[in-house]
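Note that chain A is present in both complexes that follow, paired respectively with chain B and with chain C.
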Partner chain A sequence: MSAISTDPRATSAQTAESPALIRERKDRRRALGLLTPGLIWMALFMVLPMVMVIYVSFWTQTTFAVNSDLTTASWERFLSSSTYLTAIWTTLRIWLIVLVSTIVVGYPVALFIGLFVRNKTLQTALLVACVIPFWTSFLIRVIAWRPMLGTEGAINTILLKLGVISEPLTFLLFSEFSVLVGMTQIYCVFMVGPITFMLGRIDISVIEAARDLGASFGTVFRRIILPLSLPGVMVGSIFVSVMVLGEFATAASLSGRKVNLLGNIIVSQVGSLKWAFAAVAGVVLTIIITAVIALALRLVDLRKEM
Partner chain B sequence: MLTLSQISRFYGDTVALDGVDFVVPEDTYMSLLGASGSGKTTLLRLIAGFEEPNHGEISINSKRIDGQAPHLRDIGFVFQNFALFPHLSVAENVAFGLRYRAENPLSNNSEILDRTQEALKLVGLDGFGHRGVGAISGGQRQRVALARTLVCEPRIVLLDEPLGALDANLRARMCDELRAIRERLGVSFLHVTGSETEALTMGDEVAVLANGRITQSDAPDTLFSQPRTAEAARHMNAWNTFDGGLCGDALSNQEIAVRFDQMEVCAPGTAPQDHLSLKAQYLTGEFNGPTALSFFRASDGSLLQIIDHLSQPRLPDLIEGQDYDLHFSSNALRQFHGAA
Partner chain C sequence: MQSGILRPALATYTALFLLFLYGPMIVLAILSFQSIDGGPQFPIRDWSTYWYQHLLGLAESSRVSQLPVGESLVRSILLAFMTTVVSTILGVMSAEAFRTKFKGSGPAFYLIILGMMVPGVLVGLGMALLSNTLGIGRAWWSTSFVLHVVYTYPFAFLIMLAIFNRFDRTVEEASFSLGVPPAQTFRRVTFPIIFPGVLSAMLFSFTLSYDEFARTLFTAGRDLTLPLSIYGTFSVEIYPNIFAFGVLTTLFSFTLLVIYGLLMKRFTAKASRFSGQEDAA
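Our next item is the complex of A and B:
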């Protein structure tokens, strides 16, 4: 009976595929098409080099050459040297201070642009204004701090003229302080942007409702605005962290070689062709950055906020 | 008692409110009816203190409140979009005012909990306290917004189109509940809406806001059957307002109004002698179920509507494009002097 069945559904399913199936397959092909360039790029220029760096970090380093005999010597030297452990600590300390100072400087700016400026055009204009310093090169932005902070720089001259100090402040330039100032200025905008967008998304009537229920502005900020903007702070923190942890140029040009970050170590080791050792520092840095991002993502569930 | 006297508010050259005089008595459900863009929401925002009037005075029990910060006014505001705090649970939303208000906040957690529970019970949301505000329906969100406002026991509650975001079924139910809740609490509600049905159903008193002023404020049945101005009549969506000159010279240069259900239709020249009449072309009809609307165009271009009830049909068969005489008894007529 079933062999000679003339059920139209059965025959049509055999002869032609259902339109839904065809469409599903087409959608899947399109998704793959969109994904492929990114995947190839990531594989060639991120995953592969990363594996390579880990591999190289176990190579044998002699004074002028490196060969692929596997050894843990570079790792042992790195982890037992106080210079390098201090560099890790310096990197973490500078990262934390810069992170906090970009939040302290950036949050009020973002609060102003995102919440108090309700005109979208003006909002965009102000955000663009924050990016204007980026129209010049990174190096110029950093080096511009020298005439500002130097012994005969603008700040010292003004303070001397005002009689606030009797001799120039020397800690301003070529110190950890100048590195912190430089980094805060450069990376602040990466904090301002995400926080502004998050604040701009807060429905103004939510804030009015809180006011109407009797809360003062301070309370509204603490209980409503701040919690709702935290995902923005977290995204900004990830941006700033990734960039500050890998930094070397600001420290190189503003610290007078007094501040050694992991990034500076990599640069100098590569400069003296110590590939294995640079690779170790690179792996350590990657582990730190990964840990920091994982921690940040754990603190705020971004999936929920996007 | 909330009193507004000579309240004006401009935005640049645009006049939103132009000398509003308005009183909301104690223990009253007051509806405020106005078309969109008429300044209803502005009026509420001025009372709540989110904006300040350019002129005039707002007072509660003859104590002036304009100029005071919104969080010190002790006025409840229920937003059209509910404006719930998205990061807090239902119970935390309701407890917000009790816990964080600047003036005598509660610190006793069990008292806050009790009052929150009580407020949630009042709006029929018992047991929903732990839910996130994203995990409840539109009608439930509306109730949370209401509970959050009522728990603070404000001196007056302002509702900005509170039913606008709800579907028709829910709207009808919330209407009854809002009235019941208000009667239980004995606090005045000022309910702003663009729907005349909603305003007439809900209000102990209905005020009509038009051209930046309160044009009439009366009991619903009075307002509906005896509008004092052409604006008020137009807002009832039950009156034809037109130039009296269409019915003969005696009424010329006056705006007159006749209710949809008090106009009759007959063939040209057959209108009763004691009725006023005017010529108009039949445009089209609209069948709404229990009622049917017929649309006519008068000779000066104004649109007239006549309503026919299914149970008592009184219109002849009408042919689109043909002229008819519309007539009505002079008792049905309302004249507005100088309002045109």
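Our next item is the complex of A and C:
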């Protein structure tokens, strides 16, 4: 930038700045101008509501209303109630189980599509096949598990016909089990996608070289495939985590009210106009999600992976 | 890669996985053809299209009340359309901004991405509290709409960012140096290049908004959108009319997907014809 400009316009200009510098500043101003509407939108309609949740969690709750006298009463009630504390524990437990099960269920699929299928058309077709259910309404996909898992549902009917069981299995539906199965099916795709993407980028000659040097598949997997696919697992985990932690619909429709996540607490508190309690549950949920994302972002740079 | 038993084993596993993904929808589709006296489970008493007629209001009144889908469908489509327009414009603008290096681009990036990370139930709650405090009425076209954009704009932004990353800037600069004004350069040079991305961003925004439920729950006020109507039936006993509805909405989504595919194909065909002309000349 400090190079002497031979451009006559620059030397005759009153400012001593080079055209490159002027242009750079103009570009930057243009970039900020383009970015401002989006950032304002996010500040007004995302940051402000979240600040409001924190603020209202300190409001005074009366029977059917809240007023803005600040108090920690809602917090004290929340943290001393076993119902709410159980909800925190349930949320964390369901989240961890679903996270692990989406990795366990999804990884082999991603391994097959990303690494074993080398035909691009087939690879795309398989990925599309994984994404297509995503095009059905989320709530319909949740409700579809009822005729599948119910006592007169598809699985029980088939097992009874085959003679595997003599009585229908009742733990399948309206239990924690059905919530876990439903969530795993719905969110698995978000794990398969990123892992497949990372695996597809592995240079096959690296693996071939390892094989030529006598490495077994186990060694190749442990030393090459797994480390290179880990960013995909992390990105998938972030997706699955934020979605599962904010969940309430699956639990509401498949658990028969046996599973109460923090999301369900928020919905039921809003339903009974207990805004301050709902806000407290909201803040607790925010803290949990922030901690999870912060932990994940320490392990992976999202901006670099995209 | 050759590794004996592993390949067929993984292939079988993937097939089972697809069965796991599709199984519930297949069962649901089968049960949607349940007869009038059948319940939402097996066995199928008799094959019929009764529940489809029931859904469309063609069947004579029965013990089951009709799903309130008519008006809510119109609302959902309108809402998705509004969301698509705004979030695509915002997405293109922001991604264009990110082509220039500037201070604070990191925080700005994460602020936008946060929109797709924050759980719907949380921003929904915050928006409801905010509108209560400010005394603003909640409605699907106002409070729900702005939250839908908060959710879909990051997706549009990321898609456009990926497109711009692969976009050779010198093409635009060539146009500028030939004296083409910026507006025309955008129309004739930039837009054709980014069009596939714009189309994908629109597709994403539309489907995400059309199906969005958590962000709408607390903010839609009295008039329900389609997902809210479905959610309303969760608390009561379900009937095969929901299954029929599920099949129809899936078909609707596929229609959208086909339109997207056709537009994309037509566009790429045009582009390749154009480059062919260049070769000939």
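The rule we apply is simple: the second predicted complex is superposed on the first by the 280 of 306 C-alpha atoms of A that agree within 3 Å, B and C clash if a C-alpha of one lies under 4 Å from a C-alpha of the other, contacts with A are read in each partner's own complex, and residues count from 1 in each chain.
One rule holds for everything that comes next: a contact is a pair of C-beta atoms (placed from the backbone, for glycine too) under 8 Å apart; a residue touches a chain by one contact, two chains touch by 3 or more.
Fair warning: this is a prediction, and the values are worked out from it, not measured in the lab.
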| item | value |
| --- | --- |
| Fit or clash between chain C and chain B when superposed on chain A | fit |
| Which of chain B and chain C A:D203 touches, first, second, both or neither | first |
| Touched partner set for A:L213, first chain B, second chain C, both or neither | first |
| Touched partner set for A:I224, first chain B, second chain C, both or neither | first |
| First (chain B), second (chain C), both or neither touched by A:W145 | second |
| Chain B versus chain C as contact partner of A:F171, first or second or both or neither | neither |
| Partner chain(s) touched by A:G246 [first = chain B, second = chain C, both, neither] | second |
| Partner touching more residues of chain A, whether chain B or chain C | C |
| Chain B versus chain C as contact partner of A:W89, first or second or both or neither | neither |
| Which superposed partner A:I293 touches (first chain B, second chain C, both, neither) | second |
| Following superposition on chain A: angle at chain A, chain B versus chain C, Cα, nearest 10° | 90 |
| Overlay on shared chain A, then closest C-alpha pair between chain B and chain C (Å) | 8 |
| Footprint of chain A on chain C - complex, ascending | 1, 3, 6-7, 10-11, 13-14, 17-18, 20-25, 27-28, 31, 39-43, 90-91, 93-94, 96-100, 102, 106, 108-109, 111-115, 117-123, 125-130, 132-133, 146-147, 149-150, 153, 157-158, 161-162, 207, 211, 213-214, 217-218, 226-227, 230-231, 234, 238, 242-243, 245-246, 249-250, 253-254, 257 |
| List of chain B residues in touch with chain A within their complex | 48, 50, 69-72, 74-77, 79, 81, 83-87, 96-97, 100-103, 105, 145, 148-149, 152 |
| Chain A residues within the chain B interface of the complex | 203, 205-206, 208-216, 219, 223-224, 227-228 |
| Complex contacts: residues of chain A adjacent to chain C | 27-28, 30-35, 37-39, 41-53, 56, 105, 108-109, 111-113, 115-116, 126, 129-130, 133, 135-141, 143-148, 150, 152-154, 157, 185, 188-189, 204, 207, 217, 238, 242-243, 245-249, 252-253, 263, 266-267, 270, 275, 278-279, 282, 285-286, 289, 293, 302-303, 306 |
